[in-house]
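Here chain A shows up in two complexes: once beside chain B, once beside chain C.
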Partner chain A sequence: MNLFFLALGFGVVTASVLALASVGLSLQFGVTNFVNFAYGAYLAFGMFFTYTLDVTAHVPFWLAAVVATLLTGLVSVVVDRLVIEPFVRRRTSPFFLLIVTFGLQLVLLNVIQAVWGVGFESFTTGTGTPLHLGPFSITGDQLGIVVLAVVAMVLVHLLLTRTTLGKSMRAMSDDSSLAKVSGIDTGRVTMWTWFVSGCLAGLGGITLALNTVSFQAYTGNTFLFVIFAAVILGGIGQIYGAMLGALCIGLAVELSGLWIPGAYKLDVAFGVLVLALLLRPQGLIATVGKA
Partner chain B sequence: MAVAIGAGALALARPGSLDTLLLYAVLAQSWNLIGGLAGYASFGQVVFFGVGGYLTALAMVRLGLSFYLAMPLGGLGAALFGLAVGDLVLRVRGLYFAVATLVLAGATKAVLSSWPGLAGPSGVLTITTVGLHQPTARPGPLGFDAVYLALAAVSTAGVSVLVRSRLGDSLAVIRDDEDLAGALGIAVRPAKVAAFSLSGALAGLAGGVYAFQVTALSPAVLFAPLLSVVMVAAVVAGGAGVLGPLRGAVLLWLLSAGVGSLAPELRDVLVASLIVAVVLVEEGR
Partner chain C sequence: MSVVLGYVATLGVYFCIYNIFAFGLNIQFGYAGILDFTVITFMAIGGYIAGVAVLPPEQRGTEIFYVLGWNLPWPIALLLGMVAAGLLGFLIGLVALRRLRSDYLAIVTLASGTIVYDVINNYNKLFDGAAGLVGVPQPYTSVFGVNPNTYTWYFLAVSAVIMLVCWYVANRIYSSPLGRTMRAIREDMDVAEAFGKDAFRVRMLAMVIGCMFVGLGGVLTIAYVSALSPAGWTTGETFVIWAALIVGGKANNWGAVVGSFLVAVLFNEATRFLPAIPGSPNLVSDIRNMCIGGMVIVTLWFRPQGVVPERKARFPQLPVRGATTPVSVAVGATGGAGSAG
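And then the complex of A and B:
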């Protein structure tokens, strides 16, 4: 029973990391209607901006993380403006945009390696001693990840339901042309969407790095398939679906560690995805036609 | 662009640089089978390259088989892998297929990265090439060129036979309108799975040769993102059909050899940027 609660605790932590990253990816897809295959590199930006501020510039870790999150959002906007928007303006098909972001992933990861090197790094926070909360046993860092994810999810919910910007995002997600003729400044909403998506990717990267302790340029990219599993499970473009998908995948991955060797646990994410594709393929195909 | 192509042409003179071109050609034909002919754009095609490469290396290292036996076994293994997973991932189309294949490659790479028995503690599986225990004498650069050339020729011949076959006709209808294909009584699922499995065989064979060429293998080497991107981009740039993928492979190779000789340390960044640029040009036409 102790092992079960231990795994459950880790599951909630993994789900939290996943939720941050998945909601960012799904939000951007919902509004712009194409998938960003370069998303793994945005996680790396979050990690390495934090690393530079925390380790090199000796800024307090929490402040480094906040600044890094905002910087990643900025990178996301700049990359969109410089690389992706020109394609969108030419009415490039979602399929070609997929290839553009697939190539972009390589460009961004190489830029990250050129700036920060290819080695493994870690933050100054250290692993810390485990805290015992009832039957659970997690480190302070991990508790922080869970709290951060919950706060971020509540903020995303408030953004989408209480603000004009969030309502505009939802309107564009439902029908972009209708949103435009209704007087919504779609260019501005798109820009803010990339910013929020980038911030969430940054947070996902920072929390992922905290959870895995050491990281390098490809850490986020390697985790990308788990993020996609969560996003697809929840229905791509569905924000609350992504949260639910993250919770399912996170718990499934960590709880599976009770029965199968831990080395394979991430592959449970693929298993869950395949199961979802088999059980309700029609529901999953519905949003987008043939590329 | 002209400078890059000029520098690429210069690289032609360097012996042993043809291997990359021929590797790109095989990979492009592999992607062509599923992405071009069947219309299912796979973004995880590198998984077959990795599976074929690892199987070839394991057959040589663990079983002591000759490379010339191990490589076809690697290709066969990759084809069977395609058969096994194809039925699952080919149930979804378009964007969902793209993401499902990406997830498949990521998950397979994760398994191979953490498989305790696969490589030593270093995580690197090495094919012995010196001493008494080497299964096959390692061919020189020209030897590898010859193997890749044979593979490229077989791939292209195979694709040209396939497009004229009944399966090729079925795939063409599936690509244009899958629901129509079903209504016409075409066995849609077997045709798609066959194309996926054959494309897996080609990439798997290429992975086998590549494994013997680099000898020190890790998931990072055999699942290199650059190869993934090149496969998709070669067909997008050169077009589908029989010769289109070869055109795309030549174009990408000239560009990468060109920028590689101008600025080796920036090669991947520049190649990736060029791929984005090529897509832009293709879309503009």
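And then the complex of A and C:
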């Protein structure tokens, strides 16, 4: 029973990391209507910007994380403007955009390797002593991850429901041309979408690095299919679906650790992905005509 | 001198193998519009299965584990490798090729590749985990003679013959009714289905045939190198094959050949001779990967049809009433494969 609560606690932490990353991916997916296969590299950017600021420049960790998050958002916008947007403007079909982002993945990950090297790194925060909260036992870092994720989710919710930008994003997600004829500046909304998506990817990367303690350039990329699983389980382009999907996958992954060796626990996410595609390809929260 | 010749022969073997990979991907992507983002996984499965079929049973107490160990002759191992790769393609296709968006398909292939990699890398009872298979006996060394330099030439001849057979088969498929159906599905799945074509079945065929080609390439790889480990088939390797096909020209096997030569042999091999930069031994390979990724993006921007574009389908000119010039009806035209998948 003790072990169960331990795994449940880790499950919530993994779900938090996953929620940050998958909401970012889902938001961009919804607005632009194609998958960004380079998303794993954005997670790595978040990790390594934080690493440079934290370890090399000795900036306080929280400040490093904030700056790195914003920088990752900026990278996301720049990459979109330089590479993806020209293809979109030329009306390249989503089919070829997938290949473009797949190529970007290779380019960006190798840029990261060239700049920061191939070795495993870790932040200066250390692992910390576990806190005992009732039956749960998690480190201060992990508690921070959960709190951060909850705050970020509330902020995303407020962004989407209370601001004009958020409402425009939802409008574009529903019907991009209808949004355009209604006078929404789709170019601007797309740019902000990439920024928010990049920021969430950065945060996801930083929290992932905190959770796994040591990380390298490909850490985010190996996590990518878990993010995909959460996004597809929730329903493509569905923000709240992605949160729900992240929670399911996070818990499934960590609780499965009770029965199967830890090296394979992420593979459980693949099992969930396959089941989701076979049984409910439209996702838990379905949209008409999106699957 | 003989060293240089031996190297040229080695490049020739790689050229043949990459051609086979590119033909396989061409059938999947070029003909049928299937986004297979894990091509190299099928190469690995083909290679591993052929390897363990040829190897003697594992020795107890050596800490080297692998399944099978059947001591089979190479031709049977080759068939087994192809079948195994095709079977894996079938299983992945069962999930990926259902009527889903093309992004789902790409995600499923990518995720499956990650899982297969993960399991083979971690579970050392299958193919000795991260260490990989080593010491797989090269085929017919006693027949051809063991001098490594002359042996390479014999191997080159054999792989060239196999490559030519693949070339013939791939081209026959292209112009066969099956190939035409594949291309019709690539262009517009709804239209093809409206004409009574079973899109799932045809795409599954393309997937499995493509995987068998790639698996065959994998068998040749392990037969030549006599070793295969997870470090040798990462996502980057998948992208070399993609880059070859995109740069060379999709849906045209000449394009696949040109692309394999330009990307996989000329670019990928030539850059291996660049001196390593002191202090950062990985920089050259990082830059090489950046260039391969960049090459694809640049090609898709400036010449999306590739160096050797797909031949436009030619049909008899139909006189159209009211038009002064006859209009040709082109179905398999190059360009947008947008609605497929």
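Here, the second predicted complex is superposed on the first by the 280 of 291 C-alpha atoms of A that agree within 3 Å, B and C clash if a C-alpha of one lies under 4 Å from a C-alpha of the other, contacts with A are read in each partner's own complex, and residues count from 1 in each chain.
Criterion: a residue touches a chain if its C-beta (ideal position, glycine included) is under 8 Å from a C-beta of that chain, and two chains touch if they have at least 3 such contacts.
Everything numeric here is computed off the predicted structure, so don't read it as measured data.
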Which of the two partners, first being chain B and second being chain C, lies in contact with A:214: first, second, both, or neither?
-> neither
Scan A:117 for contacts with chain B and chain C and give back first, second, both or neither.
-> second
Taking the superposition as given, does A:229 touch the first partner, chain B, the second, chain C, both, or neither?
-> both
Would you sort A:277 into first (chain B), second (chain C), both or neither based on which partner it touches?
-> both
Which positions of chain A sit in both the chain B and the chain C interface?
-> 35, 37, 83, 86-87, 92-96, 98-100, 102-107, 109-111, 114, 221-222, 224-225, 228-229, 232, 236, 263-264, 266-267, 270, 273-274, 277-278, 281, 290-291
Within the complex, which stretch of chain B touches chain A?
-> 39, 41, 43, 88-89, 91-100, 102-107, 109-111, 114-116, 178, 220, 225-226, 228-229, 232-233, 236, 265-266, 268-269, 271-273, 275-276, 279-280, 282-284
Seen from chain C, its contact residues with chain A in the complex are 33, 35, 37, 95, 98, 100-104, 106-108, 110-112, 114-115, 118-119, 122, 235-236, 239, 242-243, 246, 280, 282-283, 286-287, 289-290, 292-294, 296-297, 300-301, 304, 336-341
Complex interface listing, chain A residues touching chain B = 35, 37, 83, 86-87, 90, 92-96, 98-100, 102-107, 109-111, 114, 218, 221-222, 224-226, 228-229, 232, 236, 261, 263-264, 266-267, 269-270, 273-274, 277-278, 281, 284-285, 288-291
Residues on chain A engaged by chain C in the complex (per definition of touch) = 34-35, 37, 83, 86-87, 92-96, 98-100, 102-107, 109-111, 113-114, 117-118, 221-222, 224-225, 228-229, 232, 236, 263-264, 266-267, 270, 273-274, 277-278, 281, 290-291
